[in-house]
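Each structure below is given as structure tokens.
Each of the next two complexes has subunit A plus one more chain, namely subunit B in the first and subunit C in the second.
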Partner chain A sequence: MNTFPTPVARTPLADLPLLLGALSLEERPLSGKVSLRGNAGDSAFVEALSARFSGALPTQVGQRVESGQASLWCLGPDEWRLQCELDAVEDTLAQLRDAFGQCHASAVDVSDYYTELALSGQATRDVLAKLTPLDVSAEGFPAGSQAATRMAKCSVLLHMVRDDQAVLCVRWSHAEYLWDYLCEAAREYNH
Partner chain B sequence: MTQDNRLPAGGLIDRSRTLSFEFDGKTYTGHPGDTLASALMANGVTLLGRSFKYHRPRGLLAAGSEEPNALIQLERGAHTEPNTRATAIELYDGLNACSQNRWPSLKYDIGVVNSWLSRFFPAGFYYKTFMWPERLWMTYEHVIRRAAGLGVSPRLPDPDRYEHRHDQPELLVVGAGPAGLAAALSGARAGKRVVLVDENPQLGGSLLGSRDTIDGQSALDWVAGVRAELAEHPCVRVLTRTTLTGYFDYNYLIATEHVTAHLGPQASDDLPRQRLWKFRAKSVVLATGAIERPLVFADNDRPGILLASAVRTYQHRFGVLPGRRLVVFTNNDSAYSTAIDAASAGVAVTLVDCRDTAGDAAERGADAAGVTRMMGSAITGVSYRNGLQSVDVMALSADGTRVDGPVQKVPCDSACSSGGWNPAVHLHSQAKGKLRWLEDTHTYAPAACASTMPHSSVGACDGEFSLDQALNAGWAAGGATGPAPSAERVASIGALRPLWVVPCDHPVGEGPKKHFHEFQNDATAADLWLAQREGFESIEHTKRYTTTGMATDQGKTSNVNAIGILASSRGITVPEVGVTTFRPPYTPLTFGAIVGQNRRHLFHMVRKTPIHDWQADHGAVFEDVGDWKRARYYPKPGEDMDAAVRRECQAVREGVGLFDASTLGKIDLQGEDVAWLLDMLYTNAWGGLAVGKCRYGLMLNEHGMVFDDGVTTRVAENHYHMTTTTGGAARVLGWIEEWLQTEWPDKRVHATSVTEQWAVMALNGPRARAVLEALTEDDVSNDALPFMGFKEIQLAGVPARVFRISFTGEQAFEVNVPARYGRFVWEQMVAAGAAHDMVIYGTETMHVLRAEKGFIIVGQDSDGTMTPSDLDMDWIVSKKKADFLGKRSLTRSDTSRDGRKQLVGLLSEDPSLVLPEGAHVVSELRAAPPMPMIGHVTSSYFSPNVDGGRSIALAVIQGGFKRKGDWVDLPLIDGRRVRAKVVDPVFVDAAGERVKS
Partner chain C sequence: MFLISCPWCGERDQTEFHCHGEAHIARPENSLEMDDAAWGDYVFFRKNVKGVHLERWTHDHGCGRWFNAARNTATDEFLAFYKPGEAPPADLERVS
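Let's turn to the complex of A and B:
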């Protein structure tokens, strides 16, 4: 019988030096991500989700609800992003597919599709404003807000965790470019 | 050099520090707070450039960004920037500037012969003189561009950094003069998110060059108070040194902020030189002020003749005056302030007013200050010899068309004029706003604006020239309650006498004296009349024929004068002439600002697979495929590409090879109607596909043309995994969504991109299974996982999806693992493959191997005009299906006709000759092109596996299927003529046995 070494997981920015200073930039550990599609008007779909998520299904684009270690984020009229611990993805997928039964809904593992960059520091909003046409001011995008937007040439799911911290969820293959772009934008705040 | 023209006191400059700078190789000094223009004026330098067409000497006209003459080549080498206005360059220590458009030197300029020959350079001279004979235009153009030009563009890469930044103000205020400051303050007090931009380094606008009082304090103290209050508001952003250059649809505006440009080359490594702001503003207040227009009198372009308001600005803002004996020529009251203020500073001032009387207050003030007034008079000539010597003044006739009586010579060393004021309506005009003609001040002011670009104009840019009104209007636009700031009501312009062309002692345009209305493009009143005589009556035609108001100047000082001149000569009213459109940019902006951060590695993303770094570490040579970097081949020491690819190709056919296929597009499809959807998307039938099976398909667009291909696998009852070409991933997903959303919204299908979820490794070759088996305990035998089968297994401890699909014709396994394990599993495969002499191969080998099998690459062997039939793939087009996308187009007369280009194989007569891809196949060889072309080579390689090693090619040739066995001719681009035999495109394993082994 063959024995294999323990699998080693890697993320796209694993080898990049962290940006640390008045602003810091780091790649977050890989999280579990599930792309959900369904009809918010279909009670079977809503019930299947509420079995896992206490509280109402978010139906406003950008709205996000948290439940334990997981969160559910409305990305479009029929699209949600479920975020959970990486280890929980397999069970979550199985549970959801069971719960969906015959209703027209899908759950797809996209944990590896994206990685998340955390940008922190006083000038976080200033840096973001160099990359996105979205209003990222404290008034237009208060702490807790999230949006799918364009940053430089990337599509990004942007989550304003706090006033001084944003998490940017970006495609694996766009991550290095976005990282470099953020470093350049942060330059004036990090001397 | 001493600053002889510097006044002993006054100005907003820091006299405690002295800055040194160079202009045309000479060293001068100035003070912080100076512009290059004010510092040169202080040093008595009046000659700053040569004019565009006639190479006449030119000096300063203005004090702001409307300056048309003093265009400067700033700095040298990589940092050089042409066409910067001396009036907008803040002085810094070590500044190096040069005048433009002169050769060999500014003082002795050979191009001045253009001026003596000026009757050969009339309006439209480009069109008239040089378009014939046509073949010489290229020669003419070269000479003309050199002779009539602006600055020199930099030859070296720009070493500076630039960036873009977005902002979304509720209220964007453009201009920080009295009206703009009042608007910003009002908006701030109303709690709005305000952005205030101004092109000057300080706030204040026109207040910086005046002696007004606001709310009982000096204007400058009031400005300081406003600045302090705005700084307190957290939602207010004040951007100085920032020029709003463009106003676009839906209140999208751009502005260039000079972040460090005013500090000199590479002042900071961390800050950008310039920052381009992109505003999306809820509302916009334009408070851009007004630009004074000159009077169009004889030789009014001589250095030392400025705008009246500019002289006043130089005095109050910079503590400098252009001379000791000043002549002020005006048709309105506003220039009286200039005369009075200059006289108060000890300058001998003569005021020439074309009116018989001025306003009471103006006359009283002038008399009290000791200004000599010459009423009802006009300047009819200028003596200039290395500086102004005197002006000629004569009495003006009542109708303004003649001058009479004796000539009075007024000695002077400087002069200025005021012909009235033009509201700076440029941004309003860019925003598609209309203009209205003001009868009392004889100028254009903003009227209605487009609903998609809501804004208001306040203060002088709205044609409201009194300070009090400007403050009121600005305050109201800002939205605050409470009383507006107030100032003494001053009728600043008084009764203006329109005098579009000032007559002189010879008919205008027929003697030696020139009457310029447009300085930057060297256009005179006579040019306008000529254009009119030649039929260019429309103002837009006149503008282009005479170049009035074109290019970087955009008619700031000239536009209304030009329209007035045309109106008076045609005997119609000014509004009847119409207006031209002002276009962005308001002032030129650098390419650096336009590009921003988006250059070098930030120009575009480079997409890399999870296995990329391993490949780079192991000597892969990469190629660009879409945005991706893909390993092309892995040369061993001493190998070139050909050698490496031959080795890799042979190893795969004889043993096993490993290939990174992660870039392939992947789409997860779920729902009851996926099978139905696949039947519509692909040409073949999908109904019978069992769970765990894969099938290849071709996608057509509505025109029946192949646009993508790939393998789709049924992984569960209503769950499929589709693959697309690398470049087609986004296009196919968009295609699916478009049909689902627009035509088939009732179909139950969800499509989710999973391209980057999976790292994909393809094991190909007779020993592929052996490598796989070393890494799994699951059964991957031919029975358990046959050709076109699918299975989920544990591979090296990682959950993997394995597809038995092949792009080489060999036994093959496409292994998909979550991207995070891509590198790990790859390394395990490399280790396991060592026992089987496994080769790592790249895209070049993949291309050769698939060509040996006659497998197409969409986009290489097809070009958007190929049907499945053209590609000899009729076998994959279902004859039974009722419909699929593109089906109806396959029976159109053109798609079903004979003689279409068809995909065939080609074997060159010389087996060592690899035909160039793109080489033409001709039906008849001739001595020289053109030759009747019947097709071209689409793919061509050296194959080590065919006939013990020979070249192979794929080609599309008219009626190719029927030509199999024929010889065709290919004239190559290097002159060689070669022959090739048309053959079947499958060169290896025609029976297709190996793939099933």
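Let's turn to the complex of A and C:
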């Protein structure tokens, strides 16, 4: 009779060697991610969120607000991504669902649906530019900017943390493809 | 590179988008009484115009939303972008 090994939690890129040099590429530790859907015109929904996030709900796609350890990023006219610490997800979900009450909204834990890659180094923008049609110049996409875009053939949530660092949030099943693509694109800068 | 204006994200490269054919095709309300010809017309037959065409697009790699566009199929020039539920701009024929 077959016995199966006990499943072990691992991140999608756990077995790959880090890219370290003038450019570095590393997988970030798993963070908490919650997908929020709701009507920005529904005051009950807006109040439920603003109770947790000080400040106005971002309604411009790409806009992001930070609140303590968490951030809220507007992905679409009725969709937001809440990012927080992994062990805060359960409480956050419970609080939000409680606060939503009867309003037509949803909060879903998508933490392990995505992984995040951090690309750092002087040539970060040059490497990104090889993979995306987005204008990632310092003028077109200044530090702090975020956008959902295409990188090679994957959909990526791109966050320009600093001028020399970008964080790419990608579906875990696309992560290895994107990783390989980035390593290849970074090769000419790592000598 | 040709650019498409998503009503929510603004100008982005065409490779972030996908076209889904003719827009404003309403689902028939009398489906129980429809014969095969009427169903065939609803499901399969499209205008295939040369000139201004109203079509549905999605911003797949961006916000993921559906929207409508008016495009001249002969020149590939985009004349308007508008949100679902909105009527197409009235003066499109003259623009082409």
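Couple of notes before you dig in:
Operating definition for what follows: the second predicted complex is superposed on the first by the 183 of 191 C-alpha atoms of A that agree within 3 Å, B and C clash if a C-alpha of one lies under 4 Å from a C-alpha of the other, contacts with A are read in each partner's own complex, and residues count from 1 in each chain.
Throughout what follows, contacts are C-beta pairs under 8 Å (C-beta built on N, C-alpha and C of every residue); 3 or more make two chains touch, one makes a residue touch a chain.
Just so we're clear, the structure is a prediction, and the values are computed from it rather than from any experiment.
After overlaying the two complexes on the shared chain, residue contacts for A:Gly62 are found with subunit C alone; subunit B is out of touch. In the overlay built on the shared chain, the residue A:Pro133 is in contact with subunit B and with subunit C.
By the document's definition of touching, of the two partners only subunit C reaches A:Ala147; subunit B does not.
Look at A:Ser155: by the touch rule set out above, it reaches subunit C but stays clear of subunit B. Put simply, more of the residues of subunit A are touched by B, taking subunit B and subunit C as the two choices. Once the two complexes are overlaid on the shared chain, A:Ser111 sits against subunit B while remaining clear of subunit C.
Subunit A uses residues 133-134 to touch subunit B in one structure and subunit C in the other. Remark: subunit A residues 1-2, 4-12, 15, 30, 35, 37, 104-106, 108-114, 129-130, 132-135, 137, 139-140, 152-154, 171-174, 176-178, 180-181, 184-185, 187-188, 190-191 touch subunit B in the complex. Across the complex, subunit B meets subunit A through its residues 163-168, 193, 235, 270-272, 278, 280, 597-598, 601-602, 604-610, 613, 627-628, 668, 670-672, 748, 750, 752-758, 774-775, 777, 796-798, 818-825, 828.
Remark: subunit A residues 61-62, 75-77, 79, 133-134, 147-150, 155-156 touch subunit C in the complex.
Listed in rising order, the residues of subunit C touching subunit A in the complex are 1, 8-9, 12-13, 15-16, 60-65.
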